[in-house]
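When the chains are written out, they are named A, B, C and D in that same order, and each has its own residue count from 1.
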Amino acid sequence: MIKIAIVGATGYTGAELLRLLSSHPEADVQIITSRAEAGLPVADLYPNLRGHVDLVFTEPDETALAACDVVFFATPHTVAMQSVPGLMQRGVRVIDLSADFRLKDTDAWADWYHTPHTCPEYAAEAVYGLPELNREAIATAQLVAVAGCYPTAIQLGFYPLLKAGLIDTKQLIADAKSGTSGAGRKAAIGTLLTESAENMKAYAVSGHRHLPEIRQTLNQMAGSDVSLTFIPHLTPMIRGIHATLYSRLLKSADLQTLFEQHYADEPFVDVMPAGAMPETRTVRGANTCRLAVHQPQGDDTVVVLSVIDNLVKGASGQAIQCMNIMFGLPEFYGLQTVPALP
Amino acid sequence: MIKIAIVGATGYTGAELLRLLSSHPEADVQIITSRAEAGLPVADLYPNLRGHVDLVFTEPDETALAACDVVFFATPHTVAMQSVPGLMQRGVRVIDLSADFRLKDTDAWADWYHTPHTCPEYAAEAVYGLPELNREAIATAQLVAVAGCYPTAIQLGFYPLLKAGLIDTKQLIADAKSGTSGAGRKAAIGTLLTESAENMKAYAVSGHRHLPEIRQTLNQMAGSDVSLTFIPHLTPMIRGIHATLYSRLLKSADLQTLFEQHYADEPFVDVMPAGAMPETRTVRGANTCRLAVHQPQGDDTVVVLSVIDNLVKGASGQAIQCMNIMFGLPEFYGLQTVPALP
Amino acid sequence: MIKIAIVGATGYTGAELLRLLSSHPEADVQIITSRAEAGLPVADLYPNLRGHVDLVFTEPDETALAACDVVFFATPHTVAMQSVPGLMQRGVRVIDLSADFRLKDTDAWADWYHTPHTCPEYAAEAVYGLPELNREAIATAQLVAVAGCYPTAIQLGFYPLLKAGLIDTKQLIADAKSGTSGAGRKAAIGTLLTESAENMKAYAVSGHRHLPEIRQTLNQMAGSDVSLTFIPHLTPMIRGIHATLYSRLLKSADLQTLFEQHYADEPFVDVMPAGAMPETRTVRGANTCRLAVHQPQGDDTVVVLSVIDNLVKGASGQAIQCMNIMFGLPEFYGLQTVPALP
Amino acid sequence: MIKIAIVGATGYTGAELLRLLSSHPEADVQIITSRAEAGLPVADLYPNLRGHVDLVFTEPDETALAACDVVFFATPHTVAMQSVPGLMQRGVRVIDLSADFRLKDTDAWADWYHTPHTCPEYAAEAVYGLPELNREAIATAQLVAVAGCYPTAIQLGFYPLLKAGLIDTKQLIADAKSGTSGAGRKAAIGTLLTESAENMKAYAVSGHRHLPEIRQTLNQMAGSDVSLTFIPHLTPMIRGIHATLYSRLLKSADLQTLFEQHYADEPFVDVMPAGAMPETRTVRGANTCRLAVHQPQGDDTVVVLSVIDNLVKGASGQAIQCMNIMFGLPEFYGLQTVPALP
C-alpha cells in the first residue's frame, strides 16, 4: 500500500482525489490537511464521502507528511512552492496539482502570477504531468507538476497534428468552454448560480494564466514556437471542458487514422469514430479525454473537438494516473468510474 | 457468474443497470433488448459506456431470455406483463422495474393505468422490491416488483415512525421534488430544458400513479389504513428526489435514536446526525437513501427529509440490490459508486 | 414626477428597482447609493441597464436623500434602522425592503437577528407593505416595511382560507421552494453554481427568519394565534418561489369561488382556473402572484399552490406597488413586464 | 393601428411576437393561427400571457389573413412558401421568420432543406431582414425574410471588419454557442433537460443550415467570396447566443473606434467599451446585440464577441424592428424590454 497525504483537501480537487482513491486498491490515504478546517471530519464538509472516507482534517506538519510515500498538493498557487523543497530533501515524492511547477520559465511564471517564484531549481527538475507526453519521465520523477485543465484538453487535441507536422503552427486557435468548478470552491460573486446560470460569456480574453503553459507544451510538441489564440468561456454547468480547436492543414492526410494510431495505446484517450461530436457529460467523473477530428465544410481548416472532466483528467484523475506510473501500478487503478448518464 | 438479460435497455433505468453491473464481480450481462434499436451498439446511444460495455441491442427473444438466470424489465408499464408469465413458467427469475406488479389490487391498477391487468395471479405472487421491508421474501422470490422512485423515498422516511406507532396516520403529507429524469428518455415538450429549467411546478396534484403504491406500503407498515396527501413537483435538475414528509406526533419520543436504531443494519440507508439537512447531490449515482428527522419550531409536527437518486435507489440500484439478495451475494456488489461532488 | 433615492442599489433588489422604475412614467430616480461602489456607473455593474439607466453610485448623504420624495432601502438588515429616524424627521417617506421594520415585536426581532432593535417606535408606526392586506394604511403611511418574499407567497395563499375561517389554524404547513437569488448578491460558497445546481435541499428547518413575520400576519388574518410549520428549500434556479401550502378543512366550501371572489379586485393576484398548477416561470420579472387551490385525493386537506418572482412581487415590484399607492398613482405603473417564456 | 396576423403562433417565436407586440402602441394583433390548437386561448398554452393577451388560436384562413396589414410567419420551413404567393397577390405585406426566403440561390436552398423551393421568384424579391444592413430596402419591401439567429450574431460581428477590408476573408471562423430554445418547442430527446443540462457539445459540424445564409451575407459585406468555418455548440441554457469570431488582420487599425463609428446610429447594437466581455444574460428578452472587439495576446488575430437573445434580436424582435421600418414607425416600438438580471 502506498502511504498518501493530501495537502489542501477542502477544495474540489482534494475531494476528488479522496473520491477516486477510495476505490484504489493500493492507496492508503493517511493524512488530509487544512488549516481552516483542522479537526473536522471530511465527511462533514463532503457528505458524499459519508461511509467511504472517515479521515479528519489536520494542520499540515512536515514531519508527518515526510513519513508518507507521496504527497499531493491540491492547493492554490504559492503553497506547494513553500513546502516542496523540504519534502523533497526528505526524499518524499510530490505530485502538485497547482501551477507552481508547470512553467520552466520562472520569470514568466512570476509575471503571470504577480509574485516571485521561490524555487526555480525545482521548477527545472519537475516533470510535467501529462502521461501521454511524458510517461517515461513521470515514472522516475520525484516531483510531478500535473497539467492544468484547459491545457490537458487543448494539448491532447493538438498533439497528433503537431507531431505529424501537418498544420500551420502560426495560426492555432483554442476556443474553450468550461464549467464553473474550474473556479474552485471559494466564496465569489461571479460564479454564484445567480450570476453564471442561464449565461454564457468569454473571460480572460487578454490572456489566461494557462496560456503560457499551453504554449510551452505546444512548442515542445511542434519543435518550434507556435502562435496560439486561446479564448476561455464560462459555461453554465458544474463540470466539463469542451475545447474546440482550429488550425489550418498544410497538406492533406487521413486525420482519423492519424488520431487513432497516435492514441492507440493510451488507456484514457478515446478517439471517437469519424463524424462524432463528443459531449462533456460522457466523461463526467472519469479520467477520459474524448477526441474527434473533423475537416468540415470542404475547407482546409481542421477542427478538433476535445472533452474532459476538468476535475478528473484535468486535475485529480490525471494526478492519480501519474502516481500509478510513478509507483509502477496499473494506470487504471482508482480510475474506473463509469460516467453516469443522464 | 449470473447470466443476465435486460429488456428495454435504451431507457435511463436500462442504461443505469448497465453502468452499475459493469462493476459487479458476479454479473454477466448477456442480452440487452430493444425493438427500436436492434443492431445498435449500446455505446453508440450511451457514449459514457464506450470502453466499458460492448453489447449490441437485439430483438427480444423468449428462448434467449429463458437461458438467462435473471431478466430485468426496464420497460414502460404493460410490457413486462406480457412476457413475465412465459419466462416464469420456464423457471427464469424476473426483476421488474416497471409498475406492472407493484399493486396487489389489480383492479386499482387497471383504474390508474387505464388498461386491464392481464395476469393478476402474478401480481399476487410478486414480492415488492424494497429490501428494507421485504428482504427475506425477496431472497426466495421468483418475481420481484422493484419499488418506484417516489415510493422508495417516502416509504423509507415514514417507516420508523409508522412501525413505532408514533404518528397520526390520518394526516400524512409527502411533498416531493424530483428531477426530470423521472420522466424517462422520451421525446416530450414538458421536460425540454426550455420548459423545465429555471422553473418549479407541482404536477399530478389530483393523484399521481405512485399514490396507490405508496398507500399500500404505508398501510402495511402502519397495520391500518393511512391517509396521505402526496404532491410531486418537477425540479430543474437531472437526478434526485427530495421528499419532505410531514406528520403529527401522538407522543413524544427520541426520534433520532428511533431512526438510527431502525436502520442500524441497513447498508443503504444513512440516518444523518441530528440537525442535518440531506442534499440530493450527495447521493447522485449511489444506491443510498439519506434521512434526517426533525421536530422543528417547537411543535408536534415531525418533519422527515429523505433524499435518493431516483435512477439508483429509486430504480436500477435497488433492482441490483434485490438481485444480490435473490442470489445470495453481498448486497453492495455493483453498488459502490461514491457520489462525485460537486 | 416623484423624486426617488435608492439606498444600497448594488444588490439584486436595488437593481430590480432600477429596471422596473426605468419604465415608470412618474418616477425620477435621482440618487443611488453604495459605499463600496461610489463613483461607478450602475451600468458597469449591471450591463443589462446599459442604455436604460445612466446613474452613478454615490456615498449616502442624508441631506441629499432628504431632498427626495421617497427613499427606498434595498439594504441588509440594520442599515435602514440607522437612517430612517433622521429621514422621517425631515418628512421624507421611506419604503424599506429589508426586515428592519416588519415585526411589531422588536424583542422577537432582536432574538431572530441577534442584534438589538434601535428604534422600536418606528417599528410600531411602520405599515406592513402587503397591498392586498393593507392598501388603505399604505396610502397614508410615511414608513412602509415591504413584505418579505416567502411571506408574500405564503400569506397570499392562506389569506382567503383564514379570513373565511375554513381551516384548522393549528395545523398549517408551508413547504416553500426558492431560487438562489433570495440569498442576494454576495460572495458565498453555498450558493455557487457548483454547490447549488443539480441539487435540492431543505435549509433553516429549525427556524427561518421569515417565520415570525409570517406568523404575525397569519395571526392577524385569522384573528387568533396560528401554528405553522415552514420549511424552505433551495432550488437550482435563479428566480422564483413556489409555496405549497397544506391545511385541513373544517367544513366544506366552494374553494375556487372563494379564492376568485377574494382576489377579484386585486391587479396582481391571479387566481388560476380549477385544476391549474402555476409555474414560477410564468411570473418571472412580473409583479404577479398566481394561485391555485386544490382539494386533492378525496381528502379534507386543502392544498394551495402559490408562485411569485421573489425579486418582484417578493421585493422590488411590491415596493413600487406600495409607492404607487402612497402617491395616488395607478398601481400598475412600472409594473407591466410581461414574463418572457421560455 | 396596424392589423396583424401571426401564422404558427404556438412556437417560441410566435409567443415572443405576442409578448413584445402586447406593449407596442400601434400593434393590433387580430389573428393567431394554429392548426393543432385551434380553439385554444393562447394564455392556456403560455400562462405568462394571462392578463396580457386574450387571443384564441384559429385555423389559418387566407381571406382573414388578407384583411390584415401584415402577416408574420413563425412557422417551420416550407409553410410560408405555400401561403406567401397568395397573400402577396392580395397586397398583404409579409414578414417571414422562417428560412424560406433567406437564400437567393434556391437550388442551394433545396439542397440544404432536402425539398424543392416552390416559389424562387419570391425568394428573389424578398428583402433580407437585417436592418443594420438593409434598412432602406426593408422600408419598401412587401416581403421580408428575417435574418436567422446565428446569422444575426455572426454577421453583425464581422460587418465592420469586412466593410473596412481589414481582415483576411479566406480565414473566418465563427465558434457559436446557443441555448436550447433555438431548437424550438417540439417534442425531442436531444433537447430534454436530462440530455442537455450539465453538458456542452458541438453539433452540425459538417454543415449547419445557417451556413449558406451567413456566407451569402458575408460575401455581400466583403464584396467577394469569403471562406468561413462555422461550428455551433449546444449550451445548457434556455436563451442566448454567444458568437466568438476569429479572423486575421491584414493591417493594423483602431478597431474600437471602427466598431463604435460603424454602429453609432444603430439603436439595437451596443458596442461595448474596450476590454469588455459581453454576457448573454445582459440581452435576455431584449432586441440588443452587444459587441466587443479584441486583439488579444499580442497577435494579429482579431476576436469579436457578439451576444444576442436568439428569440428576440435573433427572431421576433428583429421581425418587429423590420415591421416598424416597413410602416414608418419608431424602431423601438414594442422593443423596450429592459433585461432582468439576475
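By our rule, contacts are C-beta pairs under 8 Å (C-beta built on N, C-alpha and C of every residue); 3 or more make two chains touch, one makes a residue touch a chain.
Note that the structure is predicted; figures quoted are calculated from it, not measured.
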- request: Tell me which of A-D and A-B has more C-beta pairs in contact.
  value: A-D
- line: Farthest chain from chain C by C-alpha centroid distance is chain A
- request: Could you tell me the distance, in whole angstrom, between the mean C-alpha positions of chain A and chain B?
  value: 37
Intercentroid distance (Cα basis), chain C paired with chain A, Å: 45
Task: Could you tell me the distance, in whole angstrom, between the mean C-alpha positions of chain A and chain D?
output: 39
Message: If I count partner chains per residue in chain A, which residues reach a count of at least 2?
response: 12, 179, 181, 185, 194-195, 197-198, 236-239, 278-279, 281, 284, 342
- prompt: Which of line, ring, star, complete and other names the graph you get from chains that touch?
  reply: complete
- request: Please name which positions on chain C make contact with chain B in the complex.
  value: 171, 173, 175, 177, 179, 194-195, 197-203, 205-207, 211, 227-231, 233, 235-240, 242, 244, 246, 248, 275, 277-281, 284, 294, 296-297, 299, 301, 303, 305, 307, 342
Message: Using the touch definition from the top, list the residues of chain A that touch chain B in their complex.
response: 12, 15-16, 19, 22-23, 46-52, 181, 185, 197-198, 238-239, 270, 272, 276, 278-279, 281-286, 288, 290, 311, 336-342
Statement: Note: in the complex, chain C contacts chain A through residues 12, 179-181, 183, 185-189, 191-198, 236-238
